[in-house]
Amino acid sequence: MVTLFGVFLLTLLVITAFGIVRAQHLFVAVMLSGIFSLQMAAIFFILDAADVALTEAAVGAGVATVLMLGALALTDDRERGPKRHRWAPIVVVSLTTLMVIYATFDKPRLGDPEAPVHQHVAPWYLEETPRLIDIPNVVTAILASFRGYDTLGELFVIFTAGIGVLFLLANPSKRGALSLLPSAEAEGLRHHLVPRVVGRLLVPFIVLFGLYVQFHGEYGPGGGFQAGALISAGFILYALIEGEGAALRAMSFRLLRGMIAGGALLYVGVGLAGMLLGGNFLDYSVLADNPIAGQHLGIMLVEAGVGLTVTGTLLTVFHAFAAREQRR
Amino acid sequence: MYFAATIAILLTMSLALARALLGPTVFDRVLAVNMFGTKTVLLLSVIAFLYGRPDFLDLALAYALINFIGVLAVLKFVQDYMLRHQDTDL
Amino acid sequence: MEFLGLYNYWVFAILLMTGLYAVISRANLIKKLLGMTMFQAAVFLLYISMDKVDGGTAPIIQVGAVDQLYSNPLPQVLILTAIVVGIATLSLGLAIVVRISETYGTIEEGEIREIDEE
Amino acid sequence: MEYAIDIASWLLLIAGGVFVFIGGVGALRMPDFYTRMHAASLTDTLGTILILLGIILQAGLSLAAIKLAAITVFLLLTCPTAAYALANAARLSGLTPERRVSDAEET
């Protein structure tokens, strides 16, 4: 029965995708991609991926729409190119779709326990996590400990993207340093009473929930990536209702920059500390007296580093778009 | 009995999607997104119990907390848009 | 029910190619970025579809559960980080589009090429 | 006692499902934007409360029940706010409610 629910949602997903491609008005396309993200989160949840669904929820609902709208405000909200559909791409794309579908007939069906993907390394992770790391959430264990290198690489991609956006959009100040120039006229929605009262009430809860997700990530769905997106959603809400100036006073650009670099440094630092104490890079078992306590400490610090960098990057990007808007 | 509620929610989701695709104004689409958001919160809570893993309610809680940020962003977008182009409709 | 076992992968194929269609045939740069996001989402769907095990539950080990099957945690780890990386790269792409729009006054591919050729 | 709670929660879930569905139909069938918003937000709130209450009864006294109660409270705060913001945005952009009925009365 739940499989049928999944099939239904997947069908809706395809319809939404066609809608996004067809929409001439980019604002409409952005709204439809909001629906797309909600459907993706529900499908992830049905497919047993609670952590992934939480990430999609935090990113898709809180950050993605706001960023896309910020970009639309700076460019053009309508597609002005030729409206006709060209035949060559349609033919190529349809043929490729049929080929990919033909290729799927060799794949094991959904949920097959005999599928090759479940045979090799995954059972090892599931069996050894309680013994080696002893935290309930296997996803967090793999993310932060077993595949720590991989996550470090991902973190540096986010770090680089944040720096890149700053170089492209932030305004050079007098001394040549980049800044985000909060201007006095940035009102936000300050004269709308209802969103302001409710928003001010909710911001602390969102940040608190973000911190819960950050530090509860070893026991339930959560971790640095989700928490970073949630906390930045909270501050974006604050910036929307009180104006960017107020948000930058609460969390200054300097602090955000420090968070972006500090999170990545914390991650690398934990790895180096492991090396100094006689283990390998990102080997946490040497961090404390017994290996399991060391793993717990290492995972907590690494997740904190991830959370700092993600929060810093997403908020910096948001402020960069918003500050650009006011300069026009 | 969770199934009945799930089916009702899924049907409502498809109705909301129809509204999002039909329009006609852009605000109808924003309304549909918002409806879809609350329906997703319900769907996630119901399915968490259907699966017997109530500890996954965190997800629904996350959506309940931050789903309306998108609508506030739309309000701000429209407000700025009307300031800039006073003559044209969105 | 048996024939629905591959439905996820068919949807993956359709989404992938719909995203590709938006990238290669639409002239608007933001539309291209949306197509890219959709392409990305299709890949996420492929990975997450592979993690499901019949009768399994999310890979968070429950206290006291014996002989409980768990879904495969590895694809989830890969996709979890990829989603956040996706939004970071999307914002970088949007920043480039904003700068293009400020320099050329348009975000349509054809018009940008015309201005370049002048 | 068990049965009573089960039956109560089933009734709540079914009633909630019906209300949610009515809200969806209203959002699809009403003639203009403001009436659609009215249909969607009003029945949405009631349907949401009923469904979540139904699940709370099933959850009993546990952490899950507290989380569900929190979800209910947050939805009750955010849904009307979103509706306010949306109506405000629509009004700002110059969208006026259709007045077909009163026009017909005048002529």
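Chains: A, B, C and D, in written order; residue numbering restarts at 1 for each.
We take it that a contact is a pair of C-beta atoms (placed from the backbone, for glycine too) under 8 Å apart; a residue touches a chain by one contact, two chains touch by 3 or more.
The model shown is predicted, which means the values in this text are computed figures rather than measured ones.
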item	value
Between A-C and B-C, the pair joined by more C-beta contacts	A-C
Length of the line joining the C-alpha centres of chain B and chain C, rounded to whole Å	20
CA centroid of chain B to CA centroid of chain D, Å	12
Whole-Å separation of chain centres (CA-atom averages), chain C against chain D	31
Per-residue multi-chain contacts in chain B, two or more chains	13, 16, 30, 32, 51, 53, 55-56, 58, 61, 65, 67, 72, 74-75, 77, 79, 81, 90
Residues of chain D whose C-beta touches two or more other chains	74, 78, 81, 85, 88
Two or more partner chains touched - positions in chain C	57-58, 60, 62
Chain pairs in mutual contact under the definition given at the outset	A-B, A-C, A-D, B-C, B-D
Chain A contact footprint on chain D (complex, rising order)	74, 77-78, 80-81, 84-85, 88
Chain B-facing residues of chain C, complex	57-58, 60, 62
Touching residues on chain B, where the partner in the complex is chain A	3, 6, 10, 13-14, 16-17, 20-21, 23, 26, 29-30, 32-33, 36-37, 40, 43-44, 47, 50-51, 53, 55-56, 58-59, 61-63, 65-67, 69-70, 72-77, 79-81, 90
In the complex with chain D, residue positions of chain B that touch it	1-2, 4-5, 7-9, 11-13, 15-16, 18-19, 25, 27-28, 30-32, 34-35, 38-39, 41-42, 45-46, 49, 54-55, 57-58, 60-61, 64-65, 67-68, 71-72, 74-75, 77-79, 81-82, 89-90
Interfacial residue positions of chain C with respect to chain A in the complex	1-2, 4-22, 24-28, 30-31, 34-35, 37-38, 41, 44-45, 48-54, 56-63, 69-92, 94-99, 101-102, 106-110
